[in-house]
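Have a look at the structure that comes next, please.
Labels for the chains are A, B, C and D, by order of writing; each one numbers its residues from 1.
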Amino acid sequence: MTFEWIQVPYALATLFIILNYGLLMTAVVRKLAARVGGRPGIPVWQNYIDLVKNFALRSKINHGVMYYLGPVFRLSGGIGLILFVPTIYGSSWAQNFSFAGDLVLALYFIFFGTLGMALGAGESGHPHSAIGVSRGLAQVTTAELPMALAVYSLAIQYQTLSITEIVAAQQGGLFNWTLFTNPLAVVAAMFAFVGTMMRSPFDVVLAPQEIPIGPPTEYHSAYLALMQTNRAIFPIAKTIIYMNLFFGGAANWAEFAIKVFLLYMIPAVIGVVHPRFRVEQSIRFFLKWGLPVGILAILTV
Amino acid sequence: MVSPVLIIAIGLGTAFALGLLGSSRKTLQFGATLTALAAMSAISVIWLVALVTGAAQTAEIHTAGAVPPFAINLRVGIAEAALLATVTLTGLFAALSLRAQLLKLGRGGMAVLLVLIMAISGLVMTRDLFNVFVFIELIAIATAGLVLLSEDPRAVCAGFKFLVVGQIIAILLLVGIIFTYHANGSLNIDDIAATPVGVQGAALAMFLLLIALVIELKTFPANGWALDIYTSAHPGFSAVFSAATGSAALFIVDKVVAPAGAEWLPLLTGIGVLSFVASNVVALRQDNDRRLLGYSSVGQLGLVLAVIGQRDVLGEAYLYVAGGLILSHAVAKAGLFWMSAMVRGRNLDDWAAIRARAPMVLAFATFIAMLVGLPPFPGFYAKWDLAQALVAAGRLPVLALILLGVLIEAAYLFRWFGFAIKREAPEKGLSANMVDCGITFAAVIAGWALGWIWGAIPGQHNVLATLPMLAVLAFFALEPLPAKIKNVAAIGALLGWFTLVFGDYDPMRLIFAVVMIPGGAVILLASFTETGRRIGFYPSAMAMYAGLALLLEATTFFEFFAAWEIMTIGSYFLILRGKMSEPHALSYMLFSLGGAFALLAGFALASGGIQPFALNQLGTVGAELAPWVFVLLSIGFMTKTAAMGLHIWLPGAHAEAETDVSPMVSGILLKAGLFGLFLMLMELGRQSLWGVDLTVVLAWIGAISAFLGAVLSIFQEDAKRLLAYSSISQMGYALFGIALMNHLGWLLAMMFVINHYVYKSMLFLAVGGVYKRTHTKLMYQMGGLITLMPFTFVSVLVGIIAMSGVPPLSGFGGRWIFYNAIMDAGLRLPLILIFMAGPVGFLYLFRLIHTIFLGQLKDPHRQLKEAPVWLLVPQMIFVAFLIGFAVLPGMALQKVDGYIGSIFGDQPLVWSGRAIASEFGYWNPVAIMVVIAVIFVSVFLILIAKNHDAQKVKQFNIVFSAERPYRPETTHFAWNFFAPYRKALGFLEAPVVTSFWGGVTDGLNGTAEFTRRFYNGNGQSYAAHVLLFVVAVYLIAMGGVA
Amino acid sequence: MRDIHALLKQRHRLGPLEPRKGGLAFVTVPRENLRGLLLELRDTHGFTHLVLLTAVDWMEDGLFQLTYMLNNRGRDLTLGIRVMIDREEAQGDTIHDMWPTAATYQRELKEMFGIDFPGSPRLDEEFILEGWTDLPPYRRDFDSLAYSQQTYAERPGRVTHDPREYMKSKLYPDGV
Amino acid sequence: MKDVDDKFLKNLDRTVPLREELRPRKVTTPDGQEIEIEPLKDYFCEAAPKVHAKSYFPIVEDFYNWARANSLWILGFGTGCGAIEMRPLMTPRFDAYRYGIQWRPTPRQSNLLMISGYLSVKTLKRAIRAYEQMQGPKYVVGLGSCTINGGMYWDSYNTIKRLDQYLPVDLYIAGCMPRPEALLAGFMELKKLIKAGKCEGANKYAENFATYKANQKSVIKDWDMPDYNW
């Protein structure tokens, strides 16, 4: 697959859809959580308002170059992740720029935003930012491990690293999904999924109680707006990857919307009913439960 | 041509003539002595030259006009001549070194010295047993005389002990001679062979002869009597005692045993090896320099004795090996004793005094290298041939013991050298004067000359004659120049060499060559920051680079091994230059030597004694040997790549080295090990031992190193240690890649060779620059340096992005190849560790950049300047390269890919334009770079549009729960950065390996401590030792013979 | 309680015991006896708990009264020990080595009454009054109202009434 | 009912010295030369607050104000008894979230400061710092009579009586204490003001910065912070 200029507007369109979907869906999820608690909850368009409000802030401060670039890295990471992954299977225009690289690219590009964010937060000079980063990085080392193993077992199963081909291999019926052809890998991957969605019980990174929300402590105004945008996009992007790898991808936007929503609900539900882990607890958790499943996955495939 | 008898004649004559001179005219007497000695030396040297050049034949001199056995006859062959030269010259120099003493003592002393030298020469030449006895008596008496003549009370009692034991020896010898005469009516050595030794009496006779001569060698444990002499006598004399007497005694043993027949050899071997290992172990605990030298002499003599014991397998190489060892021992020991005459203090660390004089250090280094048997000295060649012969004859245990002994010897000698370089020098610790320096340097020159000669002997590869080594010698000559000029020269030399050679390398060698030679030049740019003359840096550095260059040039085992050793020595001296690096340099040296010996054994095993053996014939090794060769070689190479278990030398060595040395030893030196592994696997391929596939073992080791290296690295507070541990991890990746034994795995390893060189050198230089400014390596003491050191920050940033494998920089290429490589590899379990090592690596990298450059700036650092420009230049070059390499990986990899394809016969990667496709996935670096750049810029523009007017605030303008920060120190979160990680996985940093190696060394020292008790300084017990020794040996030996 | 008082009387110069309702009683000791008394109470009579340490300002007699309230949990007795100290160079003896909590009380007394307790840890660190420049506010010669009027801006229109007069005027507007 | 005694005069001539960590100090750099550190200059930004103009197009400004009104992020800074009254707002019974109100743990991200009760001088200092660290436009709501006229602390030696002397208050909610219903009503009121563009507290503070500072410093004797806490 090669590049034509027409792909640029296509990609932008995809991006636009996903952004709005992300903003609405996160709001809906929060509303659901509120209803569970017997509250009316926020209006579904609240995210848009907050976004506008933050863009409209009048006075801003700046802690230095990396601080300034941090959110840029963050959002670029999210957008890039979307653009490097084909969104809709078989759609002529939602393939984005997936010709640039395969699954490996997607997996490692996830770290792009994290790194930039960490550096930006670091330069703000706030100890809480550094603490949050240290916690987050420490947790991700083991949280991503089952995912890596699952991906490996998947790649061996399908003998390819190209996402498109993996999705293609899952077409033609529910039971061609990896979920059924390679359940162990999916379970392992789900550990990583829940662990990296920044929701309880694994959200000690931005623990609003002990450390006022960690890395973004010093961020505000447009910086914060960019990060909010990313927080709308990035989970969707990750969910898309999981959907493509394990749940047969999506052949049209409706299927996309449903699958992503359901997948997104998994960590949400778990988060609503679980208290928070300390970092070393979650590390042990992943080593004790996630890792063995992952090992089984790569041994049995 | 003058008759060699004159040597004896002159000696005796002058000795008597001295008596005629009035006792008052000391100077005249001294002059006479010197002249006599000079004459003797002259004669022997003339003979040596004549014999070597073939101008003369081996001469038989019959005294009293009758033929043996009715008269004593002397012989002068090459060996004799060489020894004579050594002896007489030693005597001459000894006389010079002893001048003060001699002038004080007067003619008595001089006469005794003359007689001693004369006797030793006679011992060398004579072919008659009784004559041997006479000369030995003379030697004993003369020695005792010389020792007793000095008024040091300890010397007196030492001399007395010596006499006592000397008499025991004499008696044994005499009895032996009588028996021999009884057994075969002749005292002529050559006749002994004529009669069968099977006769009980003759066997006993021979035993007594040998044991007497062996004890004369002061073999362990029957040597307490002699050691006191080393300690107490004047070093000038000890030199004679160690060099001349010892060599002569060895020679006589050889003379006697030659006719006696092969069944005596095992006895000698046993005694020799025991003596060698044991006295080296004891020497470990000595703190008096002369006593240490004494033990070392005993050890060396033991070694040669063992070699004599191997004469049956050595064949015609026998003279070469034994001679090499004896001569290097004689020269080095004499030299060291003469140096110790100049050092005032008697403790090992008093030798720090010599640091003031660079030539002295050179001399010291030369002698130690000669003793340990490092190139380019004769001992090295001898060791190599010895190993070949031993393995060929299947005498591996002997080889193992000898190598062990050498390792221990290296341990205390290099520890001593470390003291000399690193400990603080005592006031006026050095009493240097023209004469002593003169004779010392005569020894140095003799050493190098011998090195040349031993190399030049046909059938050998002369290490010194190679261009790189000549360059090194040239840099010795350049030392007086200022550092900057030498730096230009060094860079020129490296680039010049590269232009000479790169034409005829295959792509893989070429990559290594580029990393090692021009790569070294780039790092040398950083050395322009150094001012002054920087004595000692350039020879060492160039020695290392010469080793690397020769390593790539090597075609035979020997060349490879020599290059390896040279590289090791050079890097050792480099590392030793660091401020706190004394212990680390030592452990580096020991591990390297251990690895080198593993290589030596492996090569010998592979070649089976055939010399020279080409590297590319490694594949032809027999199937039953191949696995063992594999094991030995990979141990050797993995010591260099610091694989887990053999890694403990690395962190200290790399962290404590100088700013511009760390990148050399980390970025470049480690690659030598990888190069070796490549060669080995290319030739040997997969091997399995007891059904275990050894490459799988390698893969596991690689994975474990990759993981544990990373984990250990995140717990470091010292920036350079952090980087050092990360090197272990990175080399682990490379090792894993190689061990995958498939095309992409090797490509991955090559990628790591390039990437690791670039970003590790870059990071070490950056951290070094920070260290230059902040004077600390502890990260938590820094912070907020980003605005003060922007360039350094940029290079660290690029470095860690590349290293962590995040797109778009070149590290990602490595990861991509890695995934494709593991797809068709059978290994799965080790992957778990590798997968985990990735994110863990991310941890320590972030810590590195955060705690140094981000966070809170500290009071004392507020006005720091950016790192020196010459440190930045190479960094910026690296940054540019990393980005270029990220966009166009093909420029370096495509050729290598093709080459590896020619090895494995497959071609998994398709290079179409800028895009790369494998059978599993695809990778388009340009597209990635462009997409990311476009997104990044557009988002950045949005932010600028909104926040261009943001108010720039200072470091304490942070929300602090409505309080304000107290001090930057209390606000910077840096120390123990990953505390939760330590809570969860801290158990992984338990120092298991370190404690293991610590246990080994403690064990050795314990043994030494125990053994030295045995030397209680009491003459009677020493005599008892001797007798017990004789009896014990008798029981063992005759049990074997009869 | 009385038995303890009787016992203590033999060794310490105690004033008379003034019982109150329940297990509460007060006794006055001279300053030099305080320490020994407290020690004995704590170690032998089980008054292990320092309930509070506070002061009363007897401005007219030029005295400060320190009250150490001790409690015996086992027997549910509370003994208040009064020490009168001079108001001019107001100085007490620190007991933070017996009850670490005392250090905090003494810090507060130092801040609020200006009573010094040499040797008490962190005594001079301000407790709640950061940068206080005036008299210690709990001394009776410090007028809180005047101070606040001279310091903190009033909002105009605030009136205060004497409750009695005010209610009268409300209930009996015609003043009957 | 004690009346003021006119003999008492507060002590005016004593001043509080600067805190130790804020005094200029000498440190030696790694290369050994002495340098002078002035913490207040070197570690804190000295710039004064700026007056930020409204958006050029009124319609845009109205749109922005609407957004601001519907996304009030409260700084979780509870003083006095009112802190207790604010908690119920998060519970199902009142649920302030439905009005776009939520609590943020850091001043940088919040734009509404609730002074929920009496302010002792010590707390006032923190409140000012927190307020100045918020990014404009930002709003202050005073809760209860203590913030209005001192309330029951009318004669306290350590409690301020008028919040608007020290911070630009946009809205007072009367009561002692006002119940959550009153708070909600107050929020609605505030929203109206914001939408009407009447809440320019931040700019007012910047304009009359000198007066505010003077008032604050007249109360807070140990002003151990920069004049404006960015």
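One rule holds for everything that comes next: a contact is a pair of C-beta atoms (placed from the backbone, for glycine too) under 8 Å apart; a residue touches a chain by one contact, two chains touch by 3 or more.
For each chain, UniProt lists the protein as follows: A = Membrane bound protein complex subunit mbxM; C = NADH-quinone oxidoreductase subunit C; D = NADH-quinone oxidoreductase subunit B.
Here the structure is a predicted model, which means the values were calculated and not measured.
Once CA atoms are averaged chain by chain and compared with the all-protein CA average, the nearest chain turns out to be B. Centre to centre, using the average C-alpha position, chain C and chain D are separated by 35 Å. Averaged Cα coordinates give chain A a centre that lies 54 Å from the centre of chain B. Chain centres here are Cα averages; for chain B and chain C they lie 80 Å apart. The set of chain A residues touching two or more other chains comprises 59-61, 212, 217-218, 221.
Of all residues in chain B, those that touch two or more other chains are 951-953, 955-957, 959. Along chain D, residues 50, 106, 108, 230 each make contact with two or more other chains. By the definition given earlier, chain contacts exist for A-B, A-D, B-D, C-D.
Contact residues of chain D toward chain B in the complex are 21, 25, 27-31, 35, 37, 39, 42-45, 47, 50, 77, 106-108, 126-127, 129-130, 133, 224-225, 229-230. Of all residues in chain B, those touching chain D in their complex are 773-776, 859-864, 951-957, 959, 962-968.
Per the touch definition, chain C reaches chain D in the complex via residues 128-135, 137, 141-155, 158, 160, 162. Of all residues in chain A, only 34, 37-43, 46, 49-50, 52-53, 56-61, 208, 212-213, 216-221, 224 touch chain D in the complex they form. Here chain D touches chain C in the complex through residues 1-6, 8-11, 14-16, 120-122, 125, 148-150, 154-162, 165, 215, 218-222, going by the rule given at the top.
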